[in-house]
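Once you scroll down, you'll see the structures, which are given as structure tokens.
In the two complexes that follow, subunit A is the common piece, with subunit B as its partner first and subunit C second.
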Partner chain A sequence: MFKNYQRIKFSLLPGTLISLTLLTFAFVLFYTLYTSQENLVFTQIEPRVWLLLKFTVYQAFLSTLFSLVVGMLLAWSLAHQAKFRGRSWLVALFSSSLVLPTLIVVFGLITVLGRNGWVNQVSLYLFDYSFGAYLYGLGGILVAHVYLNASFASRSLLHSFESIPKEKYKLAKSLNFTTFQRFMYVEWPVLKPTLLSIASTIFLLCFTSFAIVLVLGGSPAYNTLEVAIYEAVKLDFDIAMALKLALIQLGLTTLLVVFSANFRTHISNLKTATQAIAWEEKREVKYLQRGIIFLFTLFFILPLFAIVVDGLGADFSKILQEKLFIKSFFTSMGLATLSSIITLLFAILLSDAKRNLSLRYRLEDLPFSKLFNIVLSFSGNLYLAIPSLIMGLGFFLLSQRYEAPLALWSTVALLTANVLMSLPFAQSVLAPAMQRTAQRYDRLVFSLNLTKIQRWVYVEYPYLKSSLGYVFALAFCFSLGDLGMIALFGSDEFSTLPWYLYQLMGSYRSSDASGVALILLVITLSAFIFLPKLFGGNHVKD
Partner chain B sequence: MIKTIQLLLLLLLLSTTANASGTKPTLTIYTYDSFTASWGAAPKIKEAFEKLHYCNVKFVGVSSAIGALRKIQLEGKNTKADILLGLDTSIAQVANKTGLFAKHELNTSKLVLPVTYSDENFVPYDYSYFAFVYDEEKLKNPPLSLEALASMPKDFKIIMQDPRSSTVGLGLLLWVKSVYGTKAGEYWKKLSPHILTITKGWSEAYGLFLRGEADMVLSYTTSPAYHMIEEHKYNFKTANFPKGHYGQVEVAAILKSSKNQALAKKFLTFMHSETFANIIPTTNWAYPIVKTKKGLPTAFEKLNIPSKMLLIDGKEVERNRKKIVNEWLEALGR
Partner chain C sequence: MLKISHLEFTHKDAKHSYTYTMNLEEKEIVGILGESGSGKSTFLDLVAGFSTSSSGSIELDTQVLTQMSVEKRPITILFQSHNLFEHLTVQKNVLLGVSKVLKENIEDVNKVQGILKEVGLEEYEHTQVSKLSGGQQQRVALARVLIRREPILLLDEPFSGLDIATRLEMLDLVQTITIENKIHTIMVTHDIEDCKRIANHVYKMQNNTLVEQ
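Moving on to the complex of A and B:
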């Protein structure tokens, strides 16, 4: 025991320090928000705040419900249609929804589903009927949320489907189960825990949704708390109101996070065994499943296709010469690179510290190791409790208190937000992987007396490189596409690509906007595909 | 070694101070984005003013006028703005309360305005009337009063601007308030199903309207002049409401924190010159506040001139603005 302790103390220390730093940061943020409320009267909550709260919960509930239903149907269809061309390609594409900049999705959806969009134009031409302008308001918010979250849900659920032992299917088949019985007795029990955990994740994401509601909300009737905080700061300069809303929001998200404490995102880059389920579907069921896959693929691809088609018509020589574009481009790339490096480092150190506490022959038996483990996990998941706009408000108040160039404050604020945003995902990929390497190789490493560096070079890195590459790419894309914090700090001196795009969308220059949208899409997708290759990682089969 | 460093430092210091006194001063003006557009007033005004005075004029366009004010507030002492241009008399009091603006000390009594206005800090530079613009070819029977507007068929849609960011949107709120008084909330409830979307600024709203997203857009009686003069299109009209239209007198002021006070003052004076007055009608599409020899372009004769300019005093607006905006927010929130 003691010998092992000597070996691992250097893996415990950095992780603990990072965890402490993060928690201190959260504390400073709370403290700043709390001390900034001078004469805040909490007994007085205007009717508007209730309306905001009601709508925020309502849209999050509906978004979660629809996302789960659509995601479930899609996962079910994909699980039973395991043999068609391009299936693995399609699954990989759906998983990219996690990194697509929300603003891009909104842009594509408007092009396809807007009042003058493709669907309406085709329907006008064929049936002389237009669906009108349903995209502004609740309809648009729901469509965009389902677009982003249903594909995310389907990927996690597909994992669960594929983890069902094939013997169970054999047994069910021999008992002559109907499709419905098969679902109820074989599949549902396995799916239920996954479903609960992704439901809580999706609800949280929609509850704190910002960019989508900002662009598609269209009216104060469809504001979420996040957008109301933004408007209180940017439109009314009413810091007291913003604080009031922020504290309400903070209380609610903390409650939600506590209730869904078993938060696990179930994302991983490992391919599961796609062994086909030996069950020939009935004809009607087969057609239904193929229909679902086809429809969702269409729904998913059309907006992206629209961005490409629209974007190609833009005047790129003009866009690329625009000073603000060049500035935003370099700021975005710089921030994304920095924040993905920091995220990776933090995630490695946190996971490294964590695995000491969950392995029997390491420190799991220490009296406080469980609590310690929870603290470490929580500090990595801070972002879920503190939405970016609230963090932004905190930073904004700090920047008013302590004078420094605005560019410096903006950089620090954006970096912090981006790192915290990526950490939960990074941890959920890295922690289990690092746990496994320790389980597998600890004995060997300890008996060979490898140094820390040797251990990394010969043992950890070869095993982890695919996960590391995936986490790096994820953090890079998250940072690249984020429109949250920048909404408070953006100006013509400090701008990122999504902020620049948002500015363009609000002005006459709509063809420039489609060009910038295409550029952002291409950068994101190529980063997601090619960055993992930097780590020399192919998918390692577990 | 130390001596050489000292010498270098001295040289550096000298070169920077020499540079500072040698460079042209830059006058930075924050305003709304349609003013700075390539077809807007800013390019011509910049050219004319730079001809008169040795300086660079830099216009910074923000999506709305109130947005520009908030930008200055957010930037605090670090703001680069010398002048804020584009607020109107309704919101100027709110800006005055921030204490960020300096006295202009100009004589504004000779300006040609349909109403009298004088303020210590803000000076007018043009005026106009709010109105709903429509395409005559697509909308045959436009509503001719606020009441009729709210009673249109269900699929009739208008676009308005957010009164918290746009002076145009605030204008409509005050318009409704001055017509309906205590019943304004009820009016908004009735109108709300017809509001397609609410934009942050005028440009976005007008852009959506021109792309065919709505039947009418909140703009100015002078907007059709743009289509007549620039595009030779005569199908854009404004609906004339006989009870009068709410007016807008646009104003500008100097920041106390500006390092170019003298130059900024020269710019305010320039706003009352004939040169400026000749640029305004066909770039900012509003009425100038100085009579010029050239007079207004002929297309302006075809525009509706409202029988009366409704305008609530700025101080009263300042007192009630929060209440009026909240009434609107709650009415739309259902």
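Moving on to the complex of A and C:
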């Protein structure tokens, strides 16, 4: 056992080194931001900044509220309508909202709901009435946030619904509960904790939302802190203002992360329970649930369908020959591949160190093991406190201090941002899975005296491969679709697909933009579906 | 008398088909034994109305239960676990047996207090059930059986997770409740000792058919 103890103690090292590197990076970034402006006045916050802050919180609050209400209704309907054909495909499709590039979603929503969108055209044709440009402003921001987050929330909540023991439903049925009583006594107590953690995650995501507000915000009245930072750096060259906004946002997001404490996103892969709940719904409730599923499916699928329809009309022979497209494509693919490999490696090592510190028969009795564990978790969740634009500003200032080719700085900045962005999700999937494997097989592995490599080959990999594949695909898609960091570093020399698409949209090359949006959508969905298969399909069942 | 005649259930895959027949007087307990997956719990699901039989009938005295919906059947069911709402107190869990709105009607509250005394839980009335031991939780579930006063009680291995002493105590409590309240009790179990202790009749699942031993 002593030999194993030493071995485990040594295996803390890689995770600890990664954690230290990440924390040092955060410190350097913070220090760079803080020391870059000598005359930074914090005692005075201008009315404009207050307005920005107010709107940022307001839109995040409303987005969270609507996303949760819609997500809850959808999850409730899906949980009780478990028998219709194509349900598992639908649930898998809703799960993909997590990885859909936000710019694609915005593009699709504009095509359907925009001034010249499908809805307005149909309304003009049928009733000679147009709803106008309602999509630009708070309305559009909320619609896009609900689109992305309600489906994410519904997936997590559906998982909670499915975790309710079937006996509870049988008991409620035999006690003659109504649908409302069933919800209050059986379902709500299980959903409540999940709801709180999802709410805090969605609020953080909407608080730091960038691409959606940038494109749909419309006017400065609908700017958030994140977009104002971007405008201060990129358009006004007002670094002092950008820094002030960045530090305010940094302070607030750190506070939010600390308050929400346990970032557990309850991410699970695409599988869903097939066992139906033993409760035949009343006819009116059944129609209500089916109606909710139908309406949300329409809301979710139409923008994606619009991208496909519009995209198919694009001139691909022209797009595929554009030098900037080719450059953007290879940069995006290269960065996505690299960052998903690094994310996977970091997540494995951090999760391994974490399980060493939280299992009784491993190193839980080490002094300060709990504190150490918290530090490991915090370093993996840094992105929640330091969103990519703030990180970008830090890199921007560093690139001015230390001379190197801009392409090199850009690559490092994008890779760092992509890895940090994926790590919280990667850890929330891998850490519990690795902990379970250790709990189950440690004794056997120790008694057989297997080496680290043998352990991976015979125990860890067969049980973790489905989670590893899912994490790899998530990281790949996150990286592929991000428009945060590239918004600061993007140029004709250094471009990614989302940045290229944004440029096309800005220059009103709608046909080319449709084509690029379709290419990005196809790559993202294919990566999300097929990359996990590289890891060898289904994992060994628990 | 509870009369179950040629009750038949066929699985969706059509590979398994079970047949059940039994008669049971009030104040009597039937023990049902069988391997895992032999169709014991399916039988309880059929009697309770969670599953539908393809043929056969269930009658209680003159009342035909076969076509009745779950909530209308005069039945209380107890599982091995998940019999309670953990976030509610003992009192509210028992009260749910008679009132779904959980309004504290003096008459009902007095009734609950009396029943909690019967099952030895009077001092836990306002305790959240998640803070009770496994045995105490099953007592709360039995208290709800008592307050509902339904003539049929179905037990799906309700005490198999408990230690021996508590388990025997709970079995005796079931017997007392059955006799004093004139209940027809059907108990599915793995353990023949449970049957020996309290069952008036023992049945076993053999070749997908319920057979009296």
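The criterion applied here is as follows: the second predicted complex is superposed on the first by the 528 of 542 C-alpha atoms of A that agree within 3 Å, B and C clash if a C-alpha of one lies under 4 Å from a C-alpha of the other, contacts with A are read in each partner's own complex, and residues count from 1 in each chain.
The rule we apply is simple: a residue touches a chain if its C-beta (ideal position, glycine included) is under 8 Å from a C-beta of that chain, and two chains touch if they have at least 3 such contacts.
Predicted model, so just to flag it, every value in this text is computed and none were measured.
Contacts of A:536 after superposition: neither subunit B nor subunit C is touched. With both complexes superposed, B is the one of subunit B and subunit C in contact with more subunit A residues.
When both complexes are overlaid on chain A, the residue A:185 reaches subunit C alone and has no touch with subunit B. Of the two partner chains, subunit B is the only one touched by A:46; subunit C is not.
In the superposition on chain A, contact of A:313 is made with neither subunit B nor subunit C. Legend: residue contacts after superposition of the two complexes on their common chain; A:176 is shown touching subunit C, with no touch to subunit B. Within the superposed three-chain model, A:165 lies in touch with subunit C and out of touch with subunit B [touch as defined at top]. In the superposition on the C-alpha atoms of chain A, no part of subunit A is touched by subunit B in one complex and by subunit C in the other.
Interface residues of subunit B, counted against subunit A in their complex, comprise 33, 37, 60, 63, 66-67, 70-71, 73-78, 155, 157, 162, 164-165, 192, 195-201, 203-204, 207, 211-214, 326, 329-330, 332-334. Those residues of subunit A that touch subunit B in the complex are listed here as 46-48, 51-52, 55, 114-116, 132-133, 136, 218-221, 231, 233-237, 396, 400, 403, 405-406, 491-492, 503, 506-508, 510.
Looking at the complex, you find that subunit C touches subunit A at residues 45, 48, 50, 70-71, 73, 75-77, 79, 81-83, 85-88, 96-97, 100. By the touch criterion given at the top, residues 165, 167-168, 170-171, 173-178, 181, 185-186, 189, 278 of subunit A touch subunit C in their complex.
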